[in-house]
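Note that the chains are named A, B, C and D in the order they appear, and that numbering of residues resets to 1 at the start of each chain.
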């Protein structure tokens, strides 16, 4: 009871064009903890305050984008049940054995209607967050760069938004938190879904470009940390898409920027808590600018067009 | 799946010595929204950003303290199941009919081993948070006083801490987030439990004084709002127990203060997110000062002795 | 000694196209204190935390812009001396008698080489900041809208930047804090000057359009207040030019927006303290984007072209 | 004009009981920049954002306290004039030659009526603040520990408060910003004075213990930095006197704590700007608690009794 089923975004594998340069970027500018690389051109990172072994995998590739998106589920029984539920719903699943990702147990992989590869897993080694679990300090000293708290959520694009939305809500137990309706006032153009009490654990946007990534989002603790993130981005000449500003959707504050391979990421703070007894918030198409960027009240071209 | 079972603290009924003075205090100093009073010497309040009809009931009485603590559960089926589970566990339950509290459905009442009256319910009228659910603004204008976001959690005292802890964890699906061990290194002196991803939805402290309230906690959005709360308390000469400062436990920031009847309340911000796959944090007795008050690193006498 | 001569920007008279609508805007959205209007189509405002009778005068007119810019000087002797110094420097001055502005003493008016009307005065009635000077509270309760702390500075445009800069530095005792050099690496394109320890009390920009206003700036206390200002602007659909973001110059954080008449204003926070023994900061033309907008690192067209 | 005469607190020489341990403390916990030590058991520090060569001198000694307090004045002519003015006022002065402090010009030393050694100087090498004066970044990366912006002010104690107050106001050009009156409603028990637009550059408290230090204060940028300072103090088990909280006087936010030798220091943020045309704020003796500690509204014994 309470938190069951799918718990949270746990890891994702991002394609980068230059692994060495990307390791430097994610370690020194993003301020993630570098957990090492393996023999398969992959590097592993976690946020300092995350406890599981890694939440970000970088893979050297010749085009940017995300290979897969992994959610951690409550336990082994949940994994088995969700695998079964997915298959019963008509979704093919594949078992990826323990050890394919280091310190990570068996994963259940499936493709969503929007073309993205998702996976569920329940076990990853708890390596701790530098504070320990016995008489810990309340802050982690020596944080560098942007240093987010955790991988927070993803926004991803594909044509069959309805299919992915229904799959996540009906099979995986997600709740609809906010939606943007199209000009017809009926069709969802974008949906924000949660599997916990966060304002979103994933967002889907209707877009002909299947299996594309709009951004991976990292959580910051305060609006002052959002400012510091923008400052750090400028010191390191990181390409900023937009921000700092507030979203209408979720009410969170944000900066969007690009990693050296052109993958967009977000440094995000806030967002209200959502419980499944709450009504979803609905945005109509004429208010989409204010929904996304509460202060500018209009979308920018780059935000709409660039995905990887 | 995801958020199921018990969702969150939903309402509580607080005894106050002077109802009119208390209405003034909770409306103008705490900055809650006054929802009216009934013919039974009760007044109803919600935080501006809460959507359900009320989260605080004040009742005129000749001594301070809390009458009962209510948790909102996911739905009718959950209410029925938990009622049955409680009885199967050996806890007597009582059904309080719809309408006993305004805009609130049937409640299942039971007494915990620490002597407190708890209740579960699944239905309370959604009256909205002033923003609406269609193209809302991102802020509520005209907020006055401390103006917290929501009722967040309670800390309550009683002798049979083990009994209440086990009831909440084994029957109601709560997770143990943090604990303080006694001098023997074995017995829990205090436990922090969550039914969601919050650092705590309730805390129990071992204390011979059964059925007592240490504090009801209200959530603020930022550390700057915590400062403003302390300023507002001084302008209105509210008795402050301690703060602003940080907790070691939960890492939240806090002020403790007293309402005009001597009931302690907390204005709280932050606290890390907890998922049930995370190890609980354990504090040993020699570090209890830093656990509770991270900056002073010692407990104050008043904090330890005053309960209502 | 210490603070002598010219102390600070004290008042300015802004032309507005609709006085009633502007009174509503400056009172309810900007959150200034309305001090009344006179029989000459003028309205008077102060920030709640300012002590002098008014710092903003609105005047009904058929085009936007600023009529004059007033600095408060230390005392009567200073006023006489600066009047004399200005004339000795070759600047004509005019005495405007006490009472032309309410609660304000005699003013010395002169035109700067960039075409702007400036004035010096030393007396304006101290009406207090709502806290009193005996056992005051530390906060002003009931603040509405953006509610800045004070009129902070102005940025104004004209052709003979060198002339105005020299007048302010050589006669009025201002210090050069920052400058942007033109493409030739020699000529000042913009200068930031202070008469106190602020990062700027006035800025001049080289621009063929003499006697024009780029913006009047209002001070906020924190970056969180800057966010709130942006939120309030959106709630009231105020036209935002850019922000929230940080300046490279002064390091302050900012939002630029427009009042209902099209006059740009700034809500500003921070900026380092400058003392006259410090070296000025120099920006070269290729870094002008980052100098002005530290995060976007590029100027926007509207920011460059719109003046009133 | 504008800022003239005495500009600001520039340096002070603090006695410490263990120089090596103190160097570690001021470098790693306070986060000051260590500028080296000399052959006379002295170590030199500056804040990262300060530009002059040093603002803190530590001297190994067998008792704690402050040797002298140095103010930087505008220029050589000011130094000569103030020297002459002091002697005309009946204060003996001594010239300490250039080079006695590294990178520092000649100093004029005198004893104030409260027994403290003060000095004036106008020249100290500008070594920069890590950002440079040409196209600088807006933040200094890699800050460690508390990392204040600058030495801000001192609070010092002595019997002849009236004498020191008058000397500073009448000869050195300071303004009275706030005062606490004694029980008789006439005598100053404490005064806050400024030589700039800060809420205080120095405070004198009436106390029989002449030539004593209550605290040296370091400026922080935000209330969030005050919280971080408290966290850093706990991580390093620094002895905290009180805080975080707000002052009634100046409205600044604060923490008081002790260095390893028992010298109290303050990490301070905020405080309103004061101009010499503003009325001083007066506190009566019955409100002294709220004046000093706005939230607790009462003084603590340690704060009153411990000086060095």
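In the analysis below, contacts are C-beta pairs under 8 Å (C-beta built on N, C-alpha and C of every residue); 3 or more make two chains touch, one makes a residue touch a chain.
Here is each chain with its UniProt name: A, B, C, D = Catechol 2,3-dioxygenase.
Quantities reported herein were computed from a predicted structural model and do not represent experimental measurements.
Greatest centre-to-centre distance from subunit B is found for C, with centres as Cα means. Chain centres here are Cα averages; for subunit A and subunit D they lie 48 Å apart.
Put simply, the C-alpha centre of subunit A and that of subunit C have 44 angstrom between them. If you average the CA atoms of subunit A and of subunit B, the two centres end up 31 Å from each other. Shared contact sites, meaning residues of subunit B that touch two or more other chains, fall at 137-139, 222-224, 231, 234, 246, 290, 294.
If each chain is drawn as a node and touching chains are joined, the picture has every node linked to every other. Of all residues in subunit C, only 223-224, 227, 230-231, 233-234, 240, 243-246, 253, 290, 294-297 touch subunit A in the complex they form. Within the complex formed with subunit C, the subunit B residues making contact are 137-139, 141-142, 144, 222, 224, 228, 231-232, 234-235. Of all the residues in subunit D, the ones that touch subunit C in their complex are 1-8, 49, 51, 72, 74, 122, 126, 133-139, 149-150, 172-175, 194-198, 221-223, 246-248, 251, 270, 272-273, 275-284, 287, 290-291, 294.
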